[in-house]
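Note that the chains take the letters A, B, C and D in the order they are written out, and that residue 1 is the start of every chain.
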Amino acid sequence: MKRQVPLALVFIFGIFMIIQYFIPHEKSEWVYEFFLDWIYIIGIFALALGIWSLIRVSYDKIKYRRPNWQYAAITLLGLFFMILFGFDYGRHIFSAEGLRNYMFVSFFDYILIPIQATMFSLLAFFIASAAYRAFRARSALATLLLLAALIIMLRFNPYFGAVTPYIEKTAGWLLNVPNLAAKRAIIIGVGLGIVATSLKVILGIERAYLGKD
Amino acid sequence: MKRSSIIIMLVVLAMFVISWLAKASSMAGVEDHNIWHGFLITFSAFLTLAILSFLYKDNPFYKFAEHLFVGVSAAYWMSMGFWTTIVGNLIPRISNSLSAFFEVPPIADEWALLLLPDSVTFFIPVILGIMLLLRLSRNMGWISAWPLAFIVGSTAGFNLVRYLRSDFIEQVSSTFVPLLVDWQGTGHFFSHLNLNASGQFVTMAGNWVIFLGVMCGLIYFFFSKEHKGIFGFGSRVGIWILMVTFGASFGYTVMGRISLLVGRLTFLFGDWLGLIS
Amino acid sequence: MKLTFLIACCVLFLGFPVAGFAQDTPEEAQPADSITTPIPAPPGNVTAWDTENDHGHSVSLSWEPSPDDGTGLGNVIGYIVFRSDSPDGPFVDRGVQPAGASGHTDVGSKEEASQDYMADYVDYYYKVRAITADSLVFAESVMVGPVQSYGQWFNTGRIPVLVFVLCFMAITIFFIQKAKSGANLFVRRLAGIEAVDEAIGRATEMGKPILYVLGLGTAADIATIASYTILGRVAKKIAEYQTGLIVPCYDPITMTVAQETVKTAYMDAGRPDAYNEDMVYFVTQSQFAYVAAVNGTMLRERPATNIYMGKFYAESLILAETGALAGSIQIAGTDEIAQIPFFVVACDYTLIGEELYAASAYLGREPLLLGSLKAQDYAKAAVIILAILGVIAMNVGLDGFKDLFYISN
Amino acid sequence: MNIFDRMMSFDRRWVFLFLALVCVITYVAKFSVPIVTTYEVESIYNRVESLNEGDILFLGIDYDPNALAELHPMAYAIAEHAFRKKLKVLFVTLSQNGPGMADQAIRDLTDSLRQDRTYNGVFYPGREIVNGEDYVFLGYKPYPGLVILGMGQNFRIPFPTDYYGTPLDSIPMMKGVLNYDQVKCVIDLAAGNVADMWIVYGAGRYNVPLALGMTGVMGADYYPFLNSGQVFGLMGGLLGAAQYEQLADNPGPAKDGMRIQLYAHITIILFILMGNIGFLVTRRKNGV
């Protein structure tokens, strides 16, 4: 029971979705859209699990005075207030208006957005440090990597006078031709990997995700 | 806490308050609630700098921003999910009284035409969801595998066909390119050093590179064959082309990343300090 | 290019109201110095039929462009398709095609509620109007119909996919059987995978934990499922070596599954006692908040090894660089093409694309998994052969060969 | 630890610091950097340059706010160039959010043209550009393909009046201007498939001399049309815009952006080179 039912479910639904793909008829479309809805809904229940785990981990941190426990309190406070704002709208408790709650929006605009944008902008620095650290002519391959990157990065550099146009064209060619070839090779490989893995899942060969290995 | 760090804290706090007041006074008259807005902008500037400070080393300000970010964002997605999916999608289908409570119009759409009426069919995901929650219980935990099985199974089937089509068949058929095209001169190749796609000559050369590139790339991905001899040569060429591509895309991304940074500079210098109009 | 463009047009012009031009009333449409347009010839030989391979609620039309489209008077700038549910109207416009077009697909809504609703098994009548730049000057074709729309039960346009699905299933199952029967299958070494063992060993010596990042995928992403298998193997070894394991999760379902995977791994290793729920925890479902938290963990816990397997997006480089800063050995694997370069640059070992999917088979050395690996290789061989044949066909002008792979909708 | 070892093993914080400094400095200090121009942009500039006073230039503002950063600078540079040469400009937008942006561009240009300026050594006295005399803004109409075809017959069919409601016939600039035949060239700044429609209908059906300005990402896909001669010029993204600003000797936002980009790139390249010099030298010394 514990082992067999899940594998049976996986097989049934997997095969069904494959067949569904070849049936354009409305009826099959309905079932298909249905399943997608279900997955979203289940996802929300799972989110509750997630939040629970987040709260428990933070709470334990504080309870057992683990290193940086004070910050866990900040997490919990942020969580608590944001949920409060998200669910409450003045007198009008529990209404989707919560998403338009003034504080909810301000938290989004002045806390989430700036931190998000800044985390993203860290990439500017990390891309530089990664380049400095890793682009070394250690081996033939590393040198290829290095040269390709240099050519692209020099493509609009004016300090080479007459040479620049050549660099630019080469860069353009690199981006249009070998790039396309390599990407296509990878895509085909990935496609095969995905197809094979899905098949293994449906056939119950790949089952680590059920905790059965 | 060390004395020095306390001092730093106080200094930062002082600077925060000063810039808040400055911002607020600068906005006086221009905006109502200028005190509050001044605070918000100063606070987001503070958070911005706190995150950037991570580049030097992990520090209390980063920890503060990080933990705040985690809590608030988790709650954000929670609220979003609740209102859009549960209230927006589920409630209207399963119960009129509930949808009345949440002030959403009940939906009774053509699902009803299918085997079961809506309200029933839409209880299934609820039940599956509850099964998932059961994993918190010691002895009923195993049942949480059922909803997972449903999700994984159906998405596996879903992915199998779609990826076979988009990532396999369609990619393969698009490698069928003419390698021998009748000569029509070199186009802009020499006149404008245009290597992009100009002229028959370059197109043809390009097609050859693409075709051979794909072949060698695929050879590189062979797992069950020793990479020796001609096969080994193919896979070596394959990995070369991969490396060139990786280098190229790395170099190409730099520009976009820098403009992200410029965006933050605009916030700091423009919106916050008001140095740049 | 051309094709996509035409499709773009169809989409764009769908449901273009005659009003679009009709609203230019004669006064303003006929300015003093403008020339009066002569009436063009109508489009000829209009045919209408139920659109194939769809869920119904749609009818396709084709016609011969008006002689004055491009040639002749050359004043036709487009065609408007009209539909009615009775031969004597009223006719409503169902979309516009630009000059040169010779077909149109009239797609209605399947929702009875919407006013665009198009019922199945109902008689419809069509006519096509050739329009000129002058809204008052046009020519209408003869009416066609009745025609009914209905849904199909099999999509013939997708036969190529079906063929490939069956072939692939066949070879996979064949090799799995072969593997079961104990034929030993050679697999070349994969540096990234061999690194995993030594990495775990190193972690044990240093007495530091291992950080395993499942990426931003959900349980629905196959990359994540492959990652679970790897996580399972890694966790088992970790349990044996009694090293620490940290698995911060981005997606709640992913977390649930990962907990299950790790728990079982510890049981298989015979150390259920060593497992604790907090090894696998949820952070948040916001991309950069997740990254911020993982970054913090890297610098505070200083894991000996970071393993990134699954779906990654822009955050890949942030993670990998912070990991390098913390001095951890880093092993990455993803099928996100855009992110592979960053892992290749910043990590010690990277599994490129398909290698991620091969990894589970490597770690397990299970005949079943190896069997499917063999099948993948044969599929690749097939691709190479097909590609060569295709290229030859293209060059000798057998364009028909490419059509074998053509998938309509 | 000698100089070369040091070159190899900078603490990454130095890289961060340098990059940050370079970005901030180049962001704040508004100095101008040379931009290497390519023939696909030069040919657009030269075409506009070659037109005579009173000729009509057709400028399509077919992008929406999210492509603003890349395409707006092009619009400003081209229009300014045209107005300084006393050309007449016909603005049209086939993108829903276009009108607002075109209108804003026109207003800004009216202001900037009041000032005296010297471009490429030629002195241009400031002047008042007049709606209806120097430019006409036809506004927006849906269904680009048909509008482009319609304008090929007569501008008055899709646009009986201009954006501000004046009938075309009562606009001096439009006197005798019937369709593309009276337009010297069309420059379309597009962030979508409108560009394709201009190629197929504009260039294909009415063979108007067409040039395109696109976002950086799109740029590469349109070279084939350049080589087949369907378009005479191509501007891609910030880089293309900066090139035009360079050619027109009229530095603007694009060149500002490129200045930061250029120096950020150079910084990174220098670090890479340093690392490699250090690496190669030490390796030779260690005789590996």
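Brief remarks follow.
We take it that a residue touches a chain if its C-beta (ideal position, glycine included) is under 8 Å from a C-beta of that chain, and two chains touch if they have at least 3 such contacts.
All values reported here derive from a predicted model rather than from experimental measurement.
If you tally contacting C-beta pairs for each pair of chains, A-B comes out on top. Among the other chains, the CA centroid farthest from that of chain B is the one of D. Chain centres defined as mean CA positions place B nearest to the mean of all protein CA atoms.
Centre-to-centre, using mean CA coordinates, chain A is 5 Å away from chain B.
The distance from the centre of chain C to the centre of chain D, with each centre set as the mean of the Cα atoms, comes to 33 Å.
Centroids of chain A and chain C (each the mean of its C-alpha atoms) stand 15 Å apart. Shared interface positions of chain D, i.e. residues touching 2 or more other chains, are given as 12, 16, 23, 220, 223-224, 261, 264-265, 268.
Counting partners per residue, chain B has 51, 54-55, 63, 65-66, 69-74, 76-77, 110, 132, 135, 145, 148, 151-152, 155-156, 159-161, 163-164, 168, 172, 175, 194, 196-197, 211, 214, 218, 221, 242-243, 245-247, 249-250, 253-254, 258, 261 as the residues that reach two or more other chains.
Across the assembly, chain A contributes residues 18, 21, 39, 42-43, 46-51, 54, 68, 112, 115-116, 119-120, 122-125, 127, 129, 131, 133, 135, 145-146, 149-150, 153, 165, 172, 175-176, 183, 186-190, 192, 194-195, 197-199, 201, 209-211 that each touch 2 or more other chains. Within the complex formed with chain D, the chain C residues making contact are 1, 5, 8-9, 12-13, 16, 20-21, 24, 28-29, 31-35, 37, 70, 75, 77-78, 96, 98-99, 132-135, 325. Across the complex, chain A is touched by residues 53-56, 110, 151-155, 158, 161-162, 165, 168-169, 172-173, 176, 218-220, 222-223, 225-226, 228-229, 231-233, 236, 249, 251-253, 255-257, 260-261, 263-265, 268, 277-278, 281-289, 291-292, 300, 314, 317-318, 320-322, 324, 335, 337, 340, 342, 344-346, 352-354, 356-358, 360, 368-369, 372-373, 375-376, 379-380, 383 of chain C. Listing the residues of chain B that touch chain D in their complex gives 55-56, 187-188, 192, 194, 196-199, 254-255, 258-259, 261-262, 265, 269, 275-276. Considering their complex, residues 12, 142-146, 149-150, 152-154, 156-158, 160-161, 167-169, 176, 178, 193, 196-197, 200-201, 205, 224 of chain D touch chain C. Residues 10, 12, 15-16, 19-20, 23, 33-36, 38, 220, 223, 239, 258, 261-262, 264-269, 271-272, 274-276, 279-280 of chain D are the ones that touch chain A when the two sit in their complex.
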